[in-house]
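You will see chain A twice below: alongside chain B first, and alongside chain C after that.
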Partner chain A sequence: MKIAKKLMALSLAAVMAGSCLTACGDSSKADGKGGDEKTLVIGGSGPLTGGAAQYGTAVKNAAQLAVDEINEAGGVDGVKFKLVFEDDEADKGDKAVNAYNALKDKGMQVMLGTVTTGSCLAVIDKTKQDNVFQLTPSASAQDVIKNDNAFQVCFTDPNQGKASADYIAQNNIAKKIAVIYDNSDAYSSGIYNTFKSEASEKGLDIVAEQSFTSDSKTDFSAQITAAKNANAELLFLPIYYQEASLILAQAKSAGYSPKFFGCDGLDGLLDVENFDKSLAEGVMLLTPFAADAADDATQKFVKAYKEKYNNETPNQFAADAYDGVKVIAKLVEKEKIKGNMSTSEICDKLKNAITDGFSYDGLTGQGMTWGKDGAVSKDPKAVVIKDGAYSALDK
Partner chain B sequence: MKKKISPMTRKSFVTYGLLVLAFIAVEILLNTGNISSMMKGLLVPICVYSILAVSLNLTVGILGELSLGQAGFMCIGAYSSAIFSNMVKETITEPMIRFPLAILVGGIFAAIFGLLIGIPVLRLRGDYLAIVTLAFGEIIKNVFAALYIGYDSAGLHISLKSQGDLKLAADGKMVINGALGISGTPNDSTFEIAAVILLITVIIAYNFVNSRTGRAVMSIRDNRIAAESVGLNITKYKLITFGLTAFLAGIAGVLYSHNFYSLQASKFDYNMSILVLVFVVLGGIGSIRGSIIAASVLTLLPELLRSVNKYRMLMYAIVLIVMMICTSNATIRGFFVRNAQKFISLFKKNKAQPEAVKEGE
Partner chain C sequence: MAFLDNLINGMSLGSIYAVIALGYTLVYGIAKMLNFAHGDVIMVGGYVVFTAMVTANLSPWLSILIGIAACTVLGIVIEKVAYKPLRKASSLSVLITAIGVSYFLQNMALLVFGEKPRTFTSVVNIPKISLFDGKVVIKGETIAAIIVSVVIVVCLSLFVNHTQKGRAMLAVSEDKDAAQLMGINVNSTISLTFAIGSGLAAIAGVLLCSSYPTLTNTTGAMPGIKAFVAAVLGGIGSIPGAMIGGILIGVIEILGRAYISPQLADAIVFAVLILVLIVKPTGILGKKVNEKV
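Let's turn to the complex of A and B:
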């Protein structure tokens, strides 16, 4: 047994040493000095395995689509983009940092990531230390952009909470509101916190605050009963669509039919398997992207995405990632960035360029601009689900 | 040699030697710059997981009780020390003073909780103990995930509901921000410190096993009734082991939290506890050296498999299963041993095998 162990240890050690050496081969690029003049390496990080894999995959696919489009058009001033994408398993600690380090070893010069908030919080100080320009498509917490090198394509959670409360108050949708949120999740509790403070300012009455955790997200009967007993006219759901689909079904069987209002996490609700779409009728949500919107840019993107990836409908994460790559491309063009510049030099140029009167019309918003704080400013779009599809909720 | 060295002492010194050698090798690689960023980033986590595995081995291997609450103790150590470091980072700016204090704070808090939980829980045995420790870990995680703590000129504010309920003054600062956790912890963990702590942990573990207390604990594992009949205080010895495990797990938590900028409670879920248990089982229950090897290999493996991309987790699982079968199935093990002996006999002339050391189970 001892010998078997020794042998195993020996062979594993050999494998490790071997992989160490192969990794060393790349390390010339890892020092941030930049490589080939004609190639700019964009590093993406997101969950490709595990429960959140669909977000990471959507971001990876859409980013690849955008990169291919740019390269087919001859690149940006001759500079071609190369996307490297690593799996961070939506981890909140060491694995997210491992993915980031792996990207560094692959010569990443600009970072598009990470996809989830938790992983992003774990790497923001690393990108700051290395001075890498970081544009996250979908990590939405406020803390994600606290460093000056990090920017967001999506809305910040507090903004979503505030915008939701404003929207409900302005349009007189309801006065008595119940909230069901995930208090173990940064995204959900982030929205809830600002929604609550903004709601009380706007004179909205929160009659029930119900929470659940990621360990108990299948049975919501207690929360629904509490909301029902408090006579709430509107149920605010700052959560992801999987749980929302259960809440809708369980509310119906409890004989409770308030108005439902959600944020961008509800995007994807109509694609849940075995979900009765009629339950979602009348659900309102704030989302920057709707795949069946009529404008040219969206339709072109959706068509290209479907062609490339097995007829899958792109979600909001995909749209954010596509915009992210295009924003980077525009900035690269503006600053005449070449692939042989150092990562730090690129970062300094890009972060000045993005805050300096830069504006971008993308899939997720018209006239997107960025402030020094890293947050994007664009108008939230409110949609309502009608006849199994999104339609604009204008007022 | 005149004086006979006991097999146990020899075994422990071989482990120390291997650790020191590995440390020197890594240091050489680090100083010559021949190491990728990914490997560099993995050094502290490897030490952290090794410490966790060694400390859990004391409960699982030496005491013979199944504990699934390792992540909970790690969480307590990580949070308490991160709070401490964040509170004092303006007053104590020297990391060499601040960090040892943080380690003590984390370890002691985890040990206190270990003892508090151990008093009622250690009356249970087997599956029941596993269930209760699992529940304990989950409780710790959820409490920290729902906890909001902030301080301002009026003092400390604590809430379990939301950030708004804290009613902080304008100059207030958040310490724990619910599910977002703690951010801004100074990055005091270095590989050198982590390696030294790992070495100390291993020394503690070997000496514990080899001490009067350790022998008493093992006798409880082997036959509780016999141990009780010779007058051993079962509860006391169980509590000592459980407390020591918690203390070391807490220290691993401190290293972990000070290695990253942000700390979120949801990281410390039951998957983490199971992972550590897997290290212990794969490395061989009761074998301290095995725990370290298993922890290092299994932490490195998913990262080294990045090249196979989306089949990574599949490969990881397969490797895990193969390793389990190879180390537990007698026929397959025999096959490996026979072949290994043939292989070694090729080198027999210039290499004498010191096989006097018997593998402890």
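Let's turn to the complex of A and C:
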């Protein structure tokens, strides 16, 4: 009996040692040495489940579309792209890191991600340590790009706040402004802070500053009452669409109908199931992408996206991701990157190339350029919701 | 004028807390257990009514009836599966089970209905009342919630005090063993309590979603906890107490948000809970019961 037990223990130990070896063997792919010369692996990370799933799904779909287009055209100098995508549930901790590690195991050489700011902050120091070139389509906080290997396709939050104030002032949309923002969220308070300072410079009057937190985001009656009593002509909403949909409904039932102005977080408002679209009529938002824009690139992209994904209209996140992949492709072409180069070597080449006089005309902006700080420079577009769809304000 | 507006908004929120708190207090009063899954039964009720009304395109009244039926059945099933086996266990075990049921329901809803929020169509078609040139507006949902909570308080009080089943409930709440000796079926009485409590949850779900028309798998969680505070404030176990507590909590929350700080509004609500527990643990209308050793 004793011998049997010992044998059992020994064989178990052997199995465990064996599995460890195979595990170690697998991870050799993730050491960043690169693989097949003809394949470059792009790793994407974003929420495919959870409250922000719309964003991650849009990014994944559009990135796949861009990758397919590149491969159908024969790749970049014969190098084909392969997209691997992991679900990080927009988590700010372990899930984001796990997704990143899973991407490394799958041989990621360039990172397109992550989609949301919180997850991005959880992995930026890892991508820096591993020296992976990181281009986030949509994580918009300033801290996301603090390392020199990280770049953004979207605007940084402070830029959105500044651009919103500029737009409102230049076009004389309103003078008395109320703001409702989520001060438990870096995105929302980031935009709000720059909006506030730019607004005072431009002579706009912020008559009510109201906030809420992620724990109490259903009842906005007190905030709306404050805005209404301050006679604000415009309500600035640097928040996400779910809360915005409630604010629109509650403002209406409180008999308060100011102009509404938001940022890219409002993108998705019209896709909420059973949402009364008439509530959103006239809502303005600053977003770099409008699906109904008349230019050829946008039209072509929207058509291809709709054909591939159940006739869904691509949102700004999709456009950001599409641009992101195309930017990577252009840089790969410029630097003659091959699939067998190490991740670190690719990173060094790409990060120099992107800041070295590189310019790209994309869906989300003409003449996009990047500074050493990783932020993009491009003009925002303003859209207005009209007849239940986005339409460009300044065509 | 802004104060009046805030006060009315507070009563509007409070009347919804009141309807939720009634379910809490009924179950606690009779079965002596805190059903923390109550808020999530509300969420299920919201989804059932949404599915019946928007997806299946049934009339609002029929949808509400389906919602009440579904929640009643759900309440009985939860009681039979999760709580009945623990009838003799310590109240802590039951409490933890209730938290487990709460998470189970939230995650089931996530699995079945997905993560995308849905916008609920209000079932209330009472017109809003505008006062002082639209400076103060009383929403139709507020009027409905107050009427519904008063009706429920009256009906429940009549039911508990004047029907045989109701008196059996009172007997069970006083002493389970003695009630059993007197020929009362304790198990079926507790099941009935859960059935009624969960049916009320469906009504609360409809009112909650009509006022705050976004429906996700955690819709019921926070209102459920606030309503629990309301039930404690009013005196847990007391039916009129739940109504008074609910309205007070709603008013405290909104006034706190408007005049003190939006960040502290929730903290103020929970500080009220702590104060009540220190100063008058039985709540406003609660009876002091001497524990027999």
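One rule holds for everything that comes next: the second predicted complex is superposed on the first by the 369 of 395 C-alpha atoms of A that agree within 3 Å, B and C clash if a C-alpha of one lies under 4 Å from a C-alpha of the other, contacts with A are read in each partner's own complex, and residues count from 1 in each chain.
FYI, a contact is a pair of C-beta atoms (placed from the backbone, for glycine too) under 8 Å apart; a residue touches a chain by one contact, two chains touch by 3 or more.
Just so it is clear, the structure is predicted and the values come from calculations on it, not from any experiment.
Q: Contacts for A:183 in the overlay, against chain B (first) and chain C (second): which applies, first, second, both or neither?
A: The answer is both, since A:183 touches chain B and chain C.
Q: Counting only touches as set out at the top, which of chain B and chain C does A:372 meet: first, second, both, neither?
A: The answer is neither, since A:372 touches no partner chain.
Q: I'd like to know which partner A:94 touches here: chain B for first, chain C for second, both or neither.
A: first
Q: Pick one for A:225: touches chain B only (first), chain C only (second), both, or neither.
A: Only chain C; A:225 stays clear of chain B.
Q: Between chain B and chain C, whom does A:274 touch in the aligned arrangement: first, second, both, or neither?
A: In the superposition, A:274 touches chain C alone.
Q: Under the stated touch criterion, name the partner, chain B or chain C, that contacts more residues in chain A.
A: Higher number of touched chain A residues: B.
Q: Counting only touches as set out at the top, which of chain B and chain C does A:121 meet: first, second, both, neither?
A: Once the two structures are laid over each other on A, A:121 reaches chain B alone.
Q: Thinking of the overlay built on chain A, is A:253 touched by chain B (first), by chain C (second), by both, or by neither?
A: In the superposition, A:253 touches chain C alone.
Q: Of the two partner chains, chain B (first) and chain C (second), which one does A:105 touch, if any: first, second, both, or neither?
A: Only chain B is touched by A:105; chain C is not.
Q: Check whether A:212 is in contact with chain B, with chain C, with both or with neither, and answer first, second, both or neither.
A: A:212 sits against chain C, while chain B stays out of touch.
Q: Counting contacts the way the document defines them, which residues of chain A are shared by the two interfaces, the one with chain B and the one with chain C?
A: 49-50, 183, 211, 213, 215
Q: For chain A, which residues count as touching chain B in their complex?
A: Residues of chain A touching chain B: 1-9, 12, 15-16, 19-20, 23-24, 26-27, 30, 48-50, 86-87, 91-95, 97-98, 100-102, 104-105, 118, 121-122, 124-126, 141, 143, 182-186, 188-190, 192-193, 196-197, 209, 211, 213-215.
Q: In their shared complex, at which residues does chain A touch chain C?
A: 49-51, 53-54, 183, 210-213, 215-216, 218-219, 221-223, 225-226, 228-229, 242, 245-246, 249-250, 253-255, 271-276
Q: Per the contact definition, I'd like the list of chain C residues that touch chain A in the complex.
A: Those residues of chain C that touch chain A are 1-2, 5-6, 9, 12-13, 50, 54, 115-121, 128, 130, 134, 137, 139, 141, 212-214, 216, 219, 222-223, 253-255, 257-258, 262-263, 265-266.
Q: Considering the complex alone, what residue numbers of chain B touch chain A?
A: Within the complex, chain B touches chain A at residues 29, 33-42, 45, 138, 142, 145-146, 161-164, 178-181, 183, 187, 256, 259-267, 269, 284, 290, 293, 297, 300, 302-304, 306, 309-310, 312-313, 323, 326-327, 333, 336-337, 340-341, 343-344, 355, 357, 359.
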